[in-house]
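Dropping a structure here in structure tokens format, bear with me for questions.
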Amino acid sequence: MAYVAGIDLGAGATKTVIIDDEAVVRGRGMARTRADFEAVAGRSLDAACEEAGIELDEIDYVASTGLGRYSLASRDIQITDLTCGARGAHALFPESQFVLDMGAQCTRAIALRDGGKVKTFRTNEKCAAGSGGFLERICRYLEVQLDQIGDLSLEAKNPQPISSVCAVLAESEIINHVSEGKTVADIICGAHESLAARALSQLRMVGFSGAVVFIGGVALQQGMVVACRNQFSGEIQVPEHPAHVVAYGAAILGLQRFEKRAWACISRP
Amino acid sequence: MEYAVGIDVGSTQTKAVALDTARAIVARVLIDSGANVVRAGKRAMDEIQNAGIAREDIRFVVGTGYGRYKIEAGDTQVTEISCHARGAHMLFPGTRTVIDMGGQDTKAIKISAEGDVIDFCMNDKCAAGTGRFLTGAAEVLGLTLDEIGEISLRGTKPVRLTSVCTVFVESDILSHLAQNKGVEDILAGVHEAIATRTIGLVRRVGMDPEITFTGGVARNIGMVRALEAKLHVTLNASPEAQYCGALGAALYAMDHVMAEKHPSAGVSAELPVWVDE
Amino acid sequence: MTTTAAPARDYRGRVHTLSRDIMTDWMAQLKEATRTPTPSAYLMISGNCVEILRCFDILPVFPEINALQLAIRKNSLPYILKSEEIGYASDNCAYVKADVGFTLCGGVGENGTIPKPSLIVCNFVGCNVYIKWFEHCASMMNVPMVMLDIPFLREEKPSKEDIKYVMCQLHELIGACEKLTGKKFDIDRLREILGYSARAERGWARAKELCKNRPAPFDAYFDSINMMGPINALRGTKEAAEFFDAAAADYEQMVEDGVGVLEEERFRTVVEGPPPYPYYRNFRNLFERWGAVAVQSTYSTVGGLWEFGFFHDPERPLESIAEQMLVHNLCNRSIVDRYKQIRRYIEDWNADALIIHSIKSCRLFSAGQGDMREYFTRELNVPTLMVESDLEDPRYYAEAQMKNRIDAFFESLQYKRLRAGNETGKPATV
Amino acid sequence: MQKILQECRELLDLLPGGALARAIEKHPGIGGFAVFPIYAPVEVIHAAGLLPVGLFGAGNKIELSFAEVRFQSFICSIAKSTLELFLRGEMKGFQGAVFSSICDVARNLSSVVKRNAPDMYIEYLHLPQNMYSAQSAPYARAEFERFRTNLSNHLDRPITDEAIKRSLQLYNRVRGLIRAIYARRKEQPSVLSAADLNALVYAGTRMMPEDFLPMLETVCEQVEAAEVHERDGVRVVIEGAFCELPPVGLLEVIEAGGCLVQDDDTMIGWRLFADDISADGDPLAALSNAYLRDSAYTSVRHDRDRPRTEGLLQRMKEAGAEAVLFASAKFCEPALLDYVLFRQKLEEAGVPHLKIEFEEKMWTFESARTEVETFAESMLFE
């Protein structure tokens, strides 16, 4: 039995997915990204091995992706997170034509070609307050847990929109909402709606229509998903483990390369 | 006894100062603003009273800071620009230039010998380089705001940052770490970058000494040194610095108390007072 | 304790109503032209030659005014986003994005409110973005474009080659108009039209002159908008000429009666830069609550600079049109010439302070305003406030920050006054 | 050749003043005159006995501190760093500088520079935007004549037709050789990396043409003869970098990311013409005609009969490229606005394209790297 690990070293968290040679997921791991990429990747990989019930040395191939993909000495190959996200989403939803990836640092809209290849993509602009890190910061400011805001946002009665495109000014806007005594639920809901609107126009830039697969850590927030459902015409498909899709895609692509390589070995006289 | 109180409701912390008619500080309060400014204003007032100042003796309350219109006890509001200028002038009478680094924006204020604002500049629409950037940097490195200043002083080869935009501090710092740059050097770079950006602001109003550094960040020794290195002067910075806005507000409040006592001065009618909006 | 400044009130004089009426008529013409075939042409505001189009009964259409109205009615954002979806950057001029977005959404043409132009007259007067804007319109609507390249005023006055170049292009434009309408160019008709232009220009100049009085009869920044429509878009019509006769008369009367636009005029300012249309009222209130009135503004001179004695001249029809395009409008003059213009405003109109509203969209206006600020604060000791937002994109207006800066600025002016009136030190320190 | 490229890279690290000092060692008595992008008739400057120096801001060589006061955060980097050079006195030793009508920022910049550098000769050329009026040619010539007159008045010495013709011949050869090197690279990008080519052309904006020519000749011979293994990659044309210079690091990332740069528009103003300019007859007329009729399309020049969109497709065909990489400076209005029409045309023609924004002072290219790699990955693994 061969095992391939996909490790996604993102700005917020480092995710690992281990698959076997049937491309079946055996384990997942996650660790908060910190200074030392190698160490973080190690922690995340260990967690995944534990879940898979295998030893580290049983891993045959490692594909790294994400911001820190080049910082992983033990990798066999590095692939960009856009390519991996597309491939992972395709594996989970073979019909999908569009992918929305909302991570800590940036938001990506991807249009797919056959077989889950990237056709075109659009990453959020510089200065854009369109990412998960932004939501995290406002949670800290509003003194609520990240995992609560999803549901909290659903209680909103009078959502407070955020107009500014700059994350810093958007935070100021939120502070002003607070100063005006607006409720936390309304503010967070407003944030979700604004992010959804921005994501939508990003998707439109790659010709979006119909259904979209929503991946990345932010997809874990119910409020965000609902906000998207309200604004997007088509269906929003959210995988069970949205944060791990990119790592999963890396693992699948890694497996492809690994099989090619393995075949090359066997064929040798 | 008669007292005047100034309350500065900032984006992160709320400060309050009470003065007696001799303009001596008789009480001082510092609490987290939290997500409810109305509550923050109330709590500040309570704390002042806990410090032994009876409510009925508080004759006038001036609110300042972003939450100034939400302070129920506030008789009037004055912007933190005017307040910081006036507070800095009381703490350091020689002050001619005030640098206030807050979470939302950075201000450079030129003041007269009497402590009046002559000219001021705030970071333009692009909020890069405000105190928030330091918070972001500290978070990525898993440090607290109070630590980073000290650490930055140990940096020998400050790194170069792409921008001082909070949105990019994370990836920027992570890629430095990926290149095995030391935390000291990264933080030194962070402080230097913000200092450079701030100097640009100070230049707009001229850099007449003495220069007083107010606001919460003034407690960050790394920031103080970085600014001094660029300004080639020693800054006035004291632990009182973070109360500067509240102190200024209290001084304005005392103007009103005095004006009431001596209507002949007839000035208080001139002081800006908004019907609550 | 009293409250400073009267609570902001809407200034509703006859001038407002008259302006609204003639502008509404023009809008109706535009709407009408979307259905009945009428020759029409796109034209930009700054240093325009609308008189030549009128001479051929070609209906002038100004995309800038379209963008302006979308913004002031708070409708601009969806169109801006529409444009960003097809590739415009967030840093591009939002006027262009709103107008193009509006066009893409069907606002121009048969079912829209604006006719698809038969001709695009690109009067390149200062603003380089104009060229792109009209290139985009021409390519998206597939309409022929005539380029009027007006050399920038880079020395004291235009060279004779500059004038020859412009005159030649004006004749080429006339040729294009003759071809479009099948009409022969009639110089006497043009003289008549220019007569109306000159009359409107004199009225406008007179009105501005009246703001030298205390109190000023109208706000030369916020209320100027009511006169910029007629002076820039409707110039050359009898209606516009009569409008300005009436406006000048009204303001004369107010001055005579000692009535100002504000109940209490406490600060006189000169304002540089276009207003934030999406927050027009809100922005105005931030000044009115301080009793601050604009006695002059640079924005009101983008189309033409009439208060310093130049007017169209029926005796020298094409020559005076060329001179107006080359010299007598803000856009074709350097930013440093603008310093001189503002300085003259501050001195002759007795202003207390300069307000610079820096616009992200319009780099023609804003690039270098920091240097302008340096000049006025350092070299002339004029109290100067610089605030930033946008004239079209609501996303760039942050009210709390804006209010904070404006309040702080007037607080400081007020304290300067207290000090002047009271040598014994701090107010109420007894 | 490596030695030559080394010398070029050194120039890349010098501020204009440093480059001028080097030239003066070789040619005592010459002065310097700065040329802001994209184009000015350098022949007139050279004929006046001055070294024309490309004024491409300051890259990431200096920290902005004075200029930030004058220009807001939404103004492009090159405008700020250029002003910074003047405010810091880095342009001492220069007789002046010439700007032209490329965009609103450049125009305001020239006025602000003029105000802050009172003892220099700062010129602003209004290059024609109407190429087809009966008066276009006379006007353009008059504009160049005005420049000649003002410059010679400032220097208080004549600038003769003869001298201009001699300079014309030199610059014709320089532009010709650069054309040849670009042509060779279109066949085989690997003969010279984009970064090296960039450094070479840049050196030409920092040296007297007579000194630059022999260097160019050597490089040209060697790339003609070079036999290299051509690596696999996406053949792209870079569009949108005609003014502010992309950081060398970005060019490296683009190539490392799997793209082969077939052609680009960096420093286009220094290699604007498709052919040599006639050096007999009236040189200023020849120059103005070349500008009106023979210059490469750019985003800052309106040409009724030769739309830029056609120009780009043409350039791709000539380069044998399969994709377009829009690399435009942040806040560069002309490039960002043109992107819209380019994009439309490319979509119609089914040409893949990627847009990345850069700033001269950038030093990390992580996001650009990710996008370029993804772009390459999506095209290579069909």
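As written, the chain order gives the labels A, B, C and D, with residue 1 at the start of each chain.
Quick note on the criterion: a residue touches a chain if its C-beta (ideal position, glycine included) is under 8 Å from a C-beta of that chain, and two chains touch if they have at least 3 such contacts.
This one's a predicted model, so the numbers in the text were calculated from it and none came from an experiment.
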item: Chain labels contacting subunit A and also subunit C; value: B, D
item: Label of the chain whose CA centroid is most distant from the centroid of subunit B; value: D
item: Of C-D and A-B, pair with higher C-beta contact tally; value: C-D
item: Interchain centroid distance [CA atoms averaged], subunit A/subunit D, Å; value: 40
item: Rounded Å distance between subunit C and subunit D, as computed from the means of their C-alpha atoms; value: 36
item: Subunit D residues counted as touching two or more neighbouring chains; value: 68-69, 72, 74, 330, 357, 366-367
item: Set of subunit A residues in contact with two or more other chains; value: 67, 126-128, 169, 172, 176, 179
item: Residues of subunit B whose C-beta touches two or more other chains; value: 66, 104, 124-126, 128, 171, 175, 204
item: Interface residues, subunit B side, partner subunit D - complex; value: 124-126, 128, 160, 162, 171-172, 175, 196-197, 199-200, 203-204
item: Subunit C residues within the subunit B interface of the complex; value: 1-4, 289, 358, 360, 370, 373-374, 377-378, 383-384, 386, 388-389, 396, 398, 400-401, 404-405, 407-412, 414-419, 422, 425-430
item: Subunit B to subunit A touching residues, read off their complex; value: 9, 11, 34-38, 66-67, 69-70, 104, 125-128, 130, 132, 136, 141-142, 165-168, 170-171, 174-175, 177-178, 183
item: Touching residues (chain side subunit A, partner subunit D) in the complex; value: 67, 79-83, 106, 113, 117-121, 123, 126
item: Footprint of subunit C on subunit D - complex, ascending; value: 68-72, 74-75, 79, 101-105, 107-112, 114-116, 124, 126, 128-130, 133-136, 138-139, 142-143, 146, 300, 302, 304, 307, 309, 330-331, 333-334, 336-341, 343-344, 357
